[in-house]
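You will see chain A twice below: alongside chain B first, and alongside chain C after that.
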Partner chain A sequence: MAELTKQGLGRFFARQGILVAFVVFMIVFALATPRFIDIDNIAGVVRSSAILGVMALGVTFVVIGGNLDLSVGSMMSFSTIVVLDLHDKLGPALAIPAMFGLTLCLGAFIGFLVGYLKLNSLIVTLGMLSAIHGLTLTWSGGKNMDIADKDATWFGVFGQGYVAGVPSPIVIFALLALVLGVILSRTPFGRKVYAVGGNGTAATFSGIPRARVVFMTYLVSAFCVATAGLIQASRSMGSQNTVGQGLELEVLAAVILGGASLLGGAGTVFKTVIGVLILGFIQNGLLLMGLAFYAQYVVTWVIIILAVWLDIAAKRGRLWSPIA
Partner chain B sequence: MKKDSRANLIKQGAIWAFIVVELAFFSIAGEFLSVTDTAFMDFDNMLLLLKQSAPIGIIALGMTIIMINGNIDLSVGATFALAAVVLLDSMSWPFMQALGDWAIPLAWGFALLTGVVLGAINGLIVWKTGVDAFIVTLGSMLGYRGLVFMYNGEQPTSHLNWTLVDFAEAQFLGLHTATWFLLGTALILWLVMTRTVHGRNAYAIGNNREAAVNAGIRVGPHFLINFMLIGFLAALSAVVFYSESGSVNPNDGMLYELWAITAVVLGGTKLAGGYGSIVSTLGGVIAIQLLRKGLGHIGADTETVNLVIGLILISVLFLDRQLNRKGREDLKT
Partner chain C sequence: MTDTTPALRLDGIVKTFPGVRALDGVSLELLPGEVHALMGENGAGKSTLMKVLGGIHQPDAGTIYIAETPVVMTSPQQAKREGVVFIHQELSLADELTVAENIFLGELPRKSLGRVDWQTLYGNTDRILKTLNVGFDARTRVGDLSIANQQMVEIARALTVDPRAVIFDEPTASLTDAEKVVLFEVIADLQSRGVGVIYISHRMEEIFKITDRISVLRDGQYRGTLNTAETDEEEVTQLMIGRKLDLSRNESHHEMGDVALEVRNLSCGDLFRDVSFTVRRGEVVGFYGLVGAGRTEIAETIFGLRDPSGGQILLNGEEVRIHSPQDAIRRGISLVPEDRKGQGLILGMNCRDNMTLPQVDDMTAGPFVSDGAEVAIFDQYRDKLDIRTPGWRQMVGNLSGGNQQKIVIGKWLSMRPEVLIVDEPTRGIDVGSKSEIHNLIRDLAAQGYAVIVISSEMPEVLHVSDRIVAMYSGRVMREFTSEEVTEDSLIQAISGIGGDKVA
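So, the complex of A and B:
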């Protein structure tokens, strides 16, 4: 009986561990610092997590499909720089679709290499990380991009505006999460993504066009990156060439924290959102508790390892690895 | 068998052929495009190139072993930075200053120890929890970088010791100190991988972990040793580099893991494990540095380098797969 409860508990933690951890975190922080559960504070955290979050949504698709995307950071720098540059040349109404088009082209190129040519996604996106960075620098000539007249444009609505009192980055993040969540869990395409990531060979034999599905996941990722770049550009109205540098690994950390398996086939949009929020609230909570800003990195490290470890431990039924 | 060894020779030779092509291209193109009068193949220029490839090179050599094992280490850049901070900061501790120049070997020791400990943490976690090395080192990449920042905030850590600078800038038999460290590391690791049981086991584990376990190889301790080794090498790389420069920013070493992996893959090591060679990685390191220097030589902007390296990496991957596929078709007929 005790064994059974233990097993049940183990399975519960395996399934919902991330949610439990999230709730525990919030309670601990709320008890430690009363300011933590202030509504303005919470809104602030979600708002500043939105850019990371939007990117994580797309990477969730790629990871569930059984691949990696390390190029999202430098791709985000690219879209930010491009939209800022085109803003003054074409006007915002044309600059935004043009930037989305260019970013989707990059995503399509990666999708082609990984999907149709079946090249290793880690190396391809590693190469693209470097290549897109070069592309960005070539586009900008290495200079910072700034919008000339910041007061005369409506471009700021995506990053600085409000919709019914809610900051627009939160609205965009929530809407995108909702749409992508429905696509992933309620449509044939979503099911195909799980099938391809879970067992690619089996998926091929059941007539699922594996190459096309992988290709599409990279398009979704590129679309999310372009959205994140738009929010970033609109919020700051100016940018360095390296604005997204290093974000690829933080994004991946959030996705993994949300329980997506790097082997593919597991993970949900909802859990990724939780993963993103956990990272955001840890950062905020530690700051409010008076710890150094950089302590969050160390805490994030411990949490990622613990989350994945417990997940694996629950699946294999024992805590320590069987590696001799 | 004969065919097999010929295919192997082509694979191992490819990176060196690529280097020769690079040399020829930049020498000829440099005649027309160069902004300076000096030839690209200038002897001093080549010596400098070797010296500049040392920091990434030493790390890439360690990464080769990790990848032959079928693992990966994303935390080397952060380990590099933390070791550098320890190296420079420890020399300003009061009791170290009292030691005079004897503080130098001690500071080196502290830095290298830092690297070994950080590597051991990675290795132990990979061994004991069974979490994939990619995730473990992704986490510690963040964590170790956090430690670097917590050490000294966003301030650079500086300490200039002239004895140390003289040592780092010295040339012995024409080669710089850093180059000697790179070549020495390569020689030792080559011996380890080709002449010792540890090296043979590394290939066996990478090739087929289950078979290796069945053959009685203890995989866990093996992983641990290799992670300690790459931690040591990341610290060694920092020691060699910062002995000369004397100042480290908390962001230093960022993306080094990606450069190192690029060099290793260019050298033909398989991500899946079980295949790769130290000598080819050395070739990969030199090829990348040649590309950087060469593009600078013919007046291309630094930004082009990133673009070219990225595309070359992808092309290598594509070519490698095409070659392998051809090999498999041969096998069928």
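So, the complex of A and C:
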């Protein structure tokens, strides 16, 4: 009987490990620093995680499809700079769709290289990280980009506004998570993403157009990046060329923390959201406990590596195994 | 066999996994110098039992005795120290290293400063290789060896520890007849040195040729041990599946319809040339030939996975061009591929989603996948094909080989194809499921499907086909009807002798 309970618990942990970790985490931090569970603090964390979160939603599609996207940070800088520049030249109503169009072009290009030409996604997106950075600098001429008259535009609603008392970045993040979550779990396209990432050859043998599905995952990712760029630009009304630098790794960290398999075929939007929140609360909790912000870099990655290890350990039923 | 102290004894082994009782009090005894067959359908518990013996799984109950001393196997390394070694079906060698390095990997002889003592290494290796009577030496790169010789390297590796018991898991799966003979000599040699051999295989001829006793598992339970000399295939099969197996010649005669698929002078580079044949509704056409004769490549070309370099494909008398699997599926062609796990299934996906994958676009209510429609399809084909699974949520990777194959077949049947191509329908599948799948193929033909069966097993081809196309080196050598075919003429045709070109 005790054995059965133990087995049941083990299976629960293996399946819901990330959720359990999240709850344990919140309790520990709440006990250590009472301010942690303050509603304003929590709202603040979610709000500042929104940009990272929106990007992580798109990368979830790419990763489940069996590929990587390391270009999202650099692409987010591009979107931010482009929309700020066009804002003063075309007005916000035209600037926003133009920026989305251009960002989607970048996503389509990556999708073409990885999906149709079947190039290694690590190499392609690493290369694009650098190439897009160059593109951004060329666009801006290396200067910071600012909206000239910050009070005369409605452009701030995406980053600074509120909907029914909830900060708009949170609303956008939640809505996008809902829509993409439904697409991934409930539509034929979502099913194909899992199939292509789970076993690309078998997907091909089942008549799934593998190249097109991979292409589409990069479009989803680019759309999310454009949305993140919009929130970023709208919040600060001005930006450096490097605003998204390094975010690609944090995004990937959140997706992995959420439990998406780097080999493809596994993961969910919901779990990625949890991964994003854990990452946000870890960093917030460490600050509240008085650690310098740069300690985050170390602690964050130690926790991620631990998470990956425990995930694998849960799957094979022991912490260490001589066979993979 | 004068020594009657068992080299190895398993007593009352129990192993449960969540939801499954994989081993239910299994006992097994292996004498020194004995070749002991372990048989059972896929999923009967053979591999689990061997994993318990090899220290990969810990039993929930029961004891392992080595020479009547109880031992607890905690790891594969410990099993090896106890003199229990495994020759696996899937080879685990490093292609880029030499034979010697592979054999002594992890325990290379050393000189001072940690340098490898190559002279001793090669010397020791060659001494072992000599006892195996193989045609390669210690310095050969493993990647340059044939599969059979790579298996010899695995065996040589086992011999480095002076084993008490050697377990062969489906060792002949990828060997030619000549290579099998060498393997059996090695086993006989082990036997004469007093080593106990456990031999796991589905192949009856081999079992009866080389083993002394046969132990049978069914559904995780021990079903008995027979003396090989005193039993026959029928008794063993009955013990394994609880009923008889029919592997006679196909003699069914039902009405055949029009020609569904015609192939004219189809060529694809060097893979095959000038291939022509027809398949009628209600007919099973068997493609028989050696591995590499071009049979799978023809199927892949018809299914749109390869572009032909010449020739025509006609469906219902009309020429069609097929550029992708999507084209093929739209035109009613289905392919059950030869590599079930690599090409047929997404192992980490559940049974239902695997089955409905090719038609997921049509399984919708509005923009969403309809659970109801999918479950309905799954239930229908689970019942029709008698797929044994706890439910559609089960990951396909957790099913037995036979049930996995039925999922793939169900996937393609549910597309209601005009032409069904089945490549190696029963590779790696236990006897029971094998005969079920054979019956299924016959039934499909009777229902009016045009079926192509590609197989490397002659009894299978003879059993299911109405006509047999014999291929050799990318060419059709001869076509036989099921009445005129003989085993001799078939073998000659696929060896490039006595085909139409010569006759």
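Just so it is clear, the second predicted complex is superposed on the first by the 313 of 324 C-alpha atoms of A that agree within 3 Å, B and C clash if a C-alpha of one lies under 4 Å from a C-alpha of the other, contacts with A are read in each partner's own complex, and residues count from 1 in each chain.
Just so we're on the same page, a residue touches a chain if its C-beta (ideal position, glycine included) is under 8 Å from a C-beta of that chain, and two chains touch if they have at least 3 such contacts.
Bear in mind that the values here come from a model prediction, so they are computed numbers and not experimental data.
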- Figure out whether A:L252 sits in contact with chain B (first) or chain C (second), or with both, or with neither. first
- When the two structures are overlaid on chain A, which partner does A:A295 contact: first (chain B), second (chain C), both, or neither? first
- Task: May I ask you to decide whether A:L129 touches chain B, chain C, both, or neither, giving the answer as first, second, both or neither?
- Result: first
- Should A:R191 be classified as contacting the first partner (chain B), the second (chain C), both, or neither? second
- State whether A:T201 touches chain B only (first), chain C only (second), both chains, or neither. second
- Query: Looking at the overlay, does A:L137 come into contact with chain B only (first), chain C only (second), both, or neither?
  - Reply: first
- Item | Chain touching more of chain A, residue-wise (chain B, chain C) | B
- Message: One more residue to check, A:A30. First (chain B), second (chain C), both or neither?
- Response: neither
- Message: Per the definitions at the top, what is the overlap between the chain A residues touching chain B and those touching chain C?
- Response: 322-323
- Note on the structure: Per the touch rule above, chain A residues touching chain B in the complex are 70, 113, 117-120, 122-124, 126-138, 142, 245-246, 249-250, 252-253, 256, 262, 292-298, 300-302, 304-305, 308-309, 312-313, 316, 320-324
- Contact footprint of chain A on chain B as seen in their complex: 74, 125, 127-132, 134-136, 138-147, 149-150, 153, 213, 218-220, 223, 254-255, 258, 261-262, 265, 271, 301-314, 317-318, 321
- Residue ranges of chain C in contact with chain A within the complex: 18, 56, 75-77, 305, 324-326, 328-329, 335, 337, 342-349, 353, 357-358, 360-361, 363-364, 367-369, 411
- Item | Contacting residues of chain A [partner chain C, same complex] | 7, 11, 182, 186-188, 190-192, 194-195, 198-199, 201-209, 265-266, 322-323
